[in-house]
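Chain IDs A, B, C and D follow the sequence of writing; residue 1 opens each chain.
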Amino acid sequence: MSEPQWNWVLEESIPSSLDAGHRTIDQLLNALTQWGWDGRDFFHVQMAIEEAMVNAIKHGNKESPDKSVAVSFRIGGNSVWMQLTDQGDGFNPNALPDPTDEEHLDQPHGRGVMLIRELMTTVAYNERGNQVTMHKVRSSDD
Amino acid sequence: MSEPQWNWVLEESIPSSLDAGHRTIDQLLNALTQWGWDGRDFFHVQMAIEEAMVNAIKHGNKESPDKSVAVSFRIGGNSVWMQLTDQGDGFNPNALPDPTDEEHLDQPHGRGVMLIRELMTTVAYNERGNQVTMHKVRSSDD
Amino acid sequence: MAGKRRIVVSDIGEVSVVRFIDRKIVDSANIEEMGEELFSVVEKDKRRFVLLNFDGVEFLSSAALNKLILLDRKAKAAGGKLKLCGLRPEIMEVFTITRLDRVFQIKKTEADGIEAFGL
Amino acid sequence: MAGKRRIVVSDIGEVSVVRFIDRKIVDSANIEEMGEELFSVVEKDKRRFVLLNFDGVEFLSSAALNKLILLDRKAKAAGGKLKLCGLRPEIMEVFTITRLDRVFQIKKTEADGIEAFGL
């Protein structure tokens, strides 16, 4: 990471349950509030981490009690950095259908990965596709 | 650190206020509860971090708004590791009077550093005395 | 239905206005309950005109959007109509990004929403 | 005194039994308030026999111990007596480690504490 110093860093290995995922997300959201994040920026981070967490737990680890998700969150002066690594087989995020296409528009799934991309400043997946790294730079007008 | 992996890591830079200190302690205590700590072990960690935090904020940084405390907490499988670094001048923890001496027994101060030592498995201060590192191994019978 | 209720339904004329108990609608056991309760409004109670009022809802995830799409299908299958209102700007943005603002009819206020049924 | 109360005093015969509102007594604005309220029990209200009942208190820091030492001094200066009861084992251990179990008279139950005044 190029950013020299973070104000808040959380690293945690959590079981593959939505409850555990949401407890960890709440730690991030509390810290963001502490560090003055609110409004749209806060919402965007909340949305991206919710989607990424649910994907890691459900699609990645398939809620297996034998698997865990490695969580790494960092809050800096004007940005937040988030990384989730699951123990699943991964996927190819570039091969997903576009949920905004007319033919997919009324499908009851397939919007999470796209929302993460739209709401974050940068998003990267590792080669295998079991690790997502998200970075959000705070907007100046918020 | 020799321990290969931590289940929960928090690193944070906090302002020199007791409120901020207690918010950070609460994050640690919540995580300890999550990871199954309770009873005496939990109490000992709570006591040590309370004393060390108050010392860093009051004696170290003298509650100065220009100074911060660097906090680092790690919870592993059977131990917790805590480090606080303040921006004060430090002190010599070995030159403190023994609060259990008859002549000091009724003094309304001077028990924090001693309690930390008694309750933790190991405690180390850096040369300057502005950084305390505490390690608590969980007791097997708890 | 067992457990806590996730929605509250009140009839205003022929329109059933649905409000949400949770301020955050995320993927969890609660969202399944919410889905079942919503579906029963159109399937069991056979309400034809349903207005979802999101007033007080601060966050919803794509899992919630998915439930709304299924609800819309069920409403249409039953010959009914579904509309949305009371979305805060951040949530409205999610509908815009996903283009779900073209799937759902979204009105600003509850009054606008009720009127839009043209009853 | 402004703000919320930190202690509750009830008289049982000649003994004033003090209970604590907070489950955690740590260094903060609250502990200053608690100190002032405790001191006024012996200094302003002139209660001579004071029993602190720690039932429900899960944690106290050395800042709280310091307040108790000051309270003990004030009680003695006013010709009164201070006793403690209801300490959970973890807190009792703190008194043992610091040898404050030799400074304060500590009883197990409230009944034991009241009896110990020998009135």
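What we mean here is this: a residue touches a chain if its C-beta (ideal position, glycine included) is under 8 Å from a C-beta of that chain, and two chains touch if they have at least 3 such contacts.
Just so you know, these numbers come straight off a predicted model, no measurement behind them.
Contacts with chain A and chain C are shared by no chain at all.
Taking the CA centroid of chain B as reference, the farthest chain centroid is that of C. In whole angstrom, the spacing between the mean C-alpha positions of chain B and chain D is 26. Inter-chain centre distance (chain A to chain D, centres taken as mean C-alpha positions): 49 Å.
Between chain A and chain B, the centres computed from C-alpha atoms are 32 Å apart. All chain pairs in contact, by the document's touch criterion: A-B, A-C, B-D. The residues of chain B lying in touch with chain D in their complex are 18-19, 22, 39-40, 43-44, 46-47, 50-51, 54, 58, 99-100, 105-109, 111-112, 114-115, 118-119. By the touch criterion stated above, chain D contacts chain B in their complex at residues 26-29, 59, 61-63, 65-67, 69-70, 72-73, 89-90, 93-94, 97-100, 102-103.
Contact residues on chain B toward chain A in their complex (touch as defined above): 5-13, 23, 27, 30-31, 34.
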